[in-house]
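First chain A sits with chain B, and in the next complex the same chain sits with chain C.
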Partner chain A sequence: MMDTILFGLTIGAILYLISIGLSLTFGTMKVINFAHGLVYALGVYFYISLLPRLGSFLPAVILSVALVIPVSYLIERLVVRRLYGQSIDYAIIATYAVLLIGTDAIKIVYGAVPYPLSAPIRGSFSFLGASLPIYRTLIVAAAVLVFLGLTLFFKKSMVGKVVTAALDDQEGVRCLGLRVEKYFSIIFMIGSGLAALGGILYAPISAAHPYMGFYILLMAFAVVIVGGMGNMKGTFIAAFALGLLISITGRIYSQAAEVMVFVAMALVLLFRPIEDSSH
Partner chain B sequence: MLAIDKVDVSYGHAQVLHQVSMEVRKGEMVFVVGRNGAGKTTLLKTICGLLSPGQGTIHYQEQPIQGLGAEAIAQKGIQYVAQDKRVFQSLTVRENLEMAAYASGKAIDTVLEQAVNLYPMFEKMMQRKAGGLSGGQREILLIARALAGSPEVVLIDEPTEGLASIVIDDILEMLRELKGTVSGLIVEQNLAVVSRLADRVYVMKEGYIVNEITDPAEISNFAAMGQYL
Partner chain C sequence: MVNENEVLITSKENATFARLSLDKGYARTLVELAVISIIMIIAARFFRMYRITDFMVFIIFVLSFDLLYGYMGHLSFGHMLYFGSGTYASAIFMNRVSGNPILGILAGILFAALLAIFLGALVMKTHGAAFALINMGFNQIGFFMVVSGLSAITRGDDGMAVFPDPLGSIHLGNERILFYVVLGSLLAVFYFLKRLTQSSFGIMIRSIHENENRVKFLGYNTYRYKIITFVISGAIAGFAGTLTTINYGFISPGFINPFYNVNPIFAILIGGAGNLYGAIIGGLVFKFLSEYIAIYVSTWELVLGIALLIMTFRFRTGIVGSVKTLFGKLLKERMGGGTK
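And now, the complex of A and B:
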């Protein structure tokens, strides 16, 4: 059972890293950003390119995430920023187009064949009678650290406070004289960097392929809806809850594992109105 | 100081303001009265840059500001306090004021001191979440936030709406202290407040300015002004 729980927590950790950017983008900018799936995949492919050159896991991860930041800046500046205040349909169409174009670009450069990666840290440790892989445990720890770091960032930094204020009352922030777009842009890049990190951490226990962003995006949207759009704590709890739901359902009846995520999402949509700025 | 000239504003095809002209002179406290739907809030939102006029001009210190964003207008010295008493509820009282200090480039200590001078009870409330404040305290916090950057003009939308009379007295006192130090354009339906503070009153009806009351005797007779609501 412990290995099932750890598997669920690992999925939850990855879902959290990907969902938090989506959640903040929607909470602040009211933009549904399908291009998030692209930066998730792009981070992995940058990692695939850099790992052989750098020869070491951590520098390759850091540089890959760093390379995703300017790409996400361009997506925000050239596409997403033009969609502020527009109908949500335009955002879906435009960012989905970015995802399609980016995915095809990855296919052109790397090909469409899945690329297997091995876990950078092998081995396991014993806990409550179960043998738990160290790498998966580190993924969970990384997600918890990111959550704590983001919580601290939003509580202590001025950028974080401005964004928190904008989640409450965007017009109020603007009327004080602050250009919210500048702060949203920073949040967009942080969210994109975390999605790339999630992709890189997950790829060794799944596989890299150009369409990997499409699949995970649906799961991430489910997390955002269950956790509450723009709700940082809710996203964290929802990601781990849904990760555990996948793994426990998978243990009982594997075919239903991922379906349960969308069942949970449907239940939330049925019984709770969507909040756009809750904390 | 602030001159609005023949301003039209529409929401889609529905025109809400028609040829609105008015002015606010330095240090003046000007009130706008009128029934719900008269266009008072639209007027303030247009001046502060949340809405753009279809036609007409808005000049602030002789410079045109119509069409500028809310951020730019705030930086020029016009602060807007919205009607909905919507503070940054996830932040503390101190952080709300900190936000205003950051936006205006003022030292946080100066802004906190200024806020406590305005409303001494804030001293004990600094670490409280602003979302937990009463309606009156929220309004006072919003006014304190708007004043943090020492603006030249404050636009305040219905500051006493929905508040208990004891809180209205606090707000009245606060606005009275501001008289002469900052220019105000205030939308208000409580004519008792208007009669005690106004230097001039504009009456709005269905998107038009239908009257301008300048006679102090007429302004102080709020019972007579009731005909405009």
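And now, the complex of A and C:
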């Protein structure tokens, strides 16, 4: 039972890392960003390329995440920012197009075959036994650290304060003479970097394949809807709750595990209709 | 933002137009139906007939999506669910209950419509981004159900073959007969949607697109109209699905895969949203592109993505919209009603 819970927490941690960017992007820019699935997959493939060259885990992770950030800047600058304030449909379609292009580019460079990765913790014996795998515990710890870090960031730093204010009242912040776009762009890049990190951490548990972004996006959207769009604490709780839901359902009836996420999403909608301001 | 009375005025004008068009509209509608038939028959002479049958089925699907997205302004990323439930319901019905293709088609439409009633009541509480995503979530549930949850009935990833019985001497396996059956279906769906979108109901859903709150303030229950539209759209999508079952004679989870939701969206963007002609032209162009580019270019998704980006930034009104801008008022007067 303990390993089921840990597995649920691991999934929750990954879901949190991926969803927080989506949630913030939606809360600030009112954009549903399908390209988030691309940076998630891209991070993993950068990592696959870098790991043999650098030889060790941590530098490869840091460098891959660092490489994803300029890509996300380009996506934000060239696609998302040009669709500010317009019908949300165009943003959905345009970022979906970016996801399609990027996925095909990954297929061209790396091929469509799934790429298995081994867990990076040295002394692999420690997570093959019945005891708790260290690697997964570390993932959960990383997600909690990211949550604490982000909470601190939004409370203490200037960027964080501006964005927190903009989540609440964007016009008000604009009236103070602040260019919110600049701050949103930073948030966009942080969110993308975290998604890439989530992808890299999750890849050894599953496997890397070009369409991994599509699949995880659906889950992340469910997390964002359950947690509340733009709600940081809600996203954290929803991610772990849904992660546990997946692992516990998976133990009872494995085929229903992923479906349960969407059932939970439907139930949330039924009892708490979303009053999003999409215009 | 729209002017205070604009919705009302537009509605009145359209209502007048709808009434007038009843008198002189029949001749025009007949001409339109004839033009569509001629285009399809000519296309069938130059290309493989079963291909054009497939194209027409896709156009029916695009028309159903146009009602939801183009006319009512609700972008769904989960319309494949209704297409796929039509496919699977008709196939399972024909394999297990009765081989009669007409009953099979009716079963598929009925199932898709029931699903749309059930889920529509839920998803129509949302709009905008949440609407798009929730539909995608339900589509994903449907996909999982077909692949693993109900794999005892749906045969999971293997898919299944379907053998409809002949109707007396008419055998739908004959590609010529099927071509004309599907052409007739396309004309029927087109005619139905044309009448629907020009009726007061059509004005209502276009007003919801423009400004839902205003329609609510006028005292209308928009929720009800939205669900009805969703069910009609879902049922027509299911109809397209049942025709696919008969056309292919084999079904697989690809027909319910949420990944393909981008196809009708793209087709509508090509042709022009909120316009039945746009849906037909867009559906045809999309199918030609996807069939023939995919042969020469292995990276079809890349091409599709770039084209989508260009269209969202530079070419939003689609082919029909661009042609209309080109010919200005002259064409606008002629096309009237179904366009905005």
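The rule is short, and it goes like this: the second predicted complex is superposed on the first by the 265 of 279 C-alpha atoms of A that agree within 3 Å, B and C clash if a C-alpha of one lies under 4 Å from a C-alpha of the other, contacts with A are read in each partner's own complex, and residues count from 1 in each chain.
To be clear about the criterion, a contact is a pair of C-beta atoms (placed from the backbone, for glycine too) under 8 Å apart; a residue touches a chain by one contact, two chains touch by 3 or more.
Note that the structure is a prediction, hence the values are computed from the model and not measured.
A.B. asks: On the A-aligned overlay, A:22 touches which partner chain: chain B = first, chain C = second, or both, or neither?
C.D. replies: neither
A.B. asks: Under the stated touch criterion, name the partner, chain B or chain C, that contacts more residues in chain A.
C.D. replies: C
A.B. asks: Regarding the shared-chain residue A:75, is it in contact with chain B (first), chain C (second), both, or neither?
C.D. replies: In the superposed model, A:75 contacts neither chain B nor chain C.
A.B. asks: In the superposed arrangement, does A:222 touch chain B (first), chain C (second), both or neither?
C.D. replies: In the superposition, A:222 touches chain C alone.
A.B. asks: Given the touch rule stated above, what does A:161 touch, chain B (first), chain C (second), both, or neither?
C.D. replies: Touch status of A:161: first partner only.
A.B. asks: Check whether A:174 is in contact with chain B, with chain C, with both or with neither, and answer first, second, both or neither.
C.D. replies: first
A.B. asks: Could you list which residues of chain A make contact with chain B in one structure and with chain C in the other?
C.D. replies: 279
A.B. asks: Using the touch rule from the top, collect the residues of chain C that touch chain A in their complex.
C.D. replies: Touching chain A: residues 69, 73, 75, 77, 122-123, 125-130, 132-134, 136-138, 140-141, 144-145, 148-149, 258-259, 262, 265, 269, 299-302, 304-306, 308-309, 312-313, 316 of chain C.
A.B. asks: Please name which positions on chain A make contact with chain C in the complex.
C.D. replies: 26, 30, 32, 79, 82-83, 88-90, 92-94, 96-101, 103-105, 107-108, 214, 218, 221-222, 225, 229, 255-256, 258-259, 262-263, 265-266, 269-270, 273-274, 276, 278-279
A.B. asks: Any idea which chain B residues touch chain A in the complex?
C.D. replies: Listed in rising order, the residues of chain B that touch chain A are 48, 50, 69-72, 74-75, 79-80, 82, 86-91, 95-96, 98-100, 102-104, 145, 149.
A.B. asks: Can you list the chain A residues touching chain B in their complex?
C.D. replies: 158, 161-162, 164-165, 167-169, 171-180, 279
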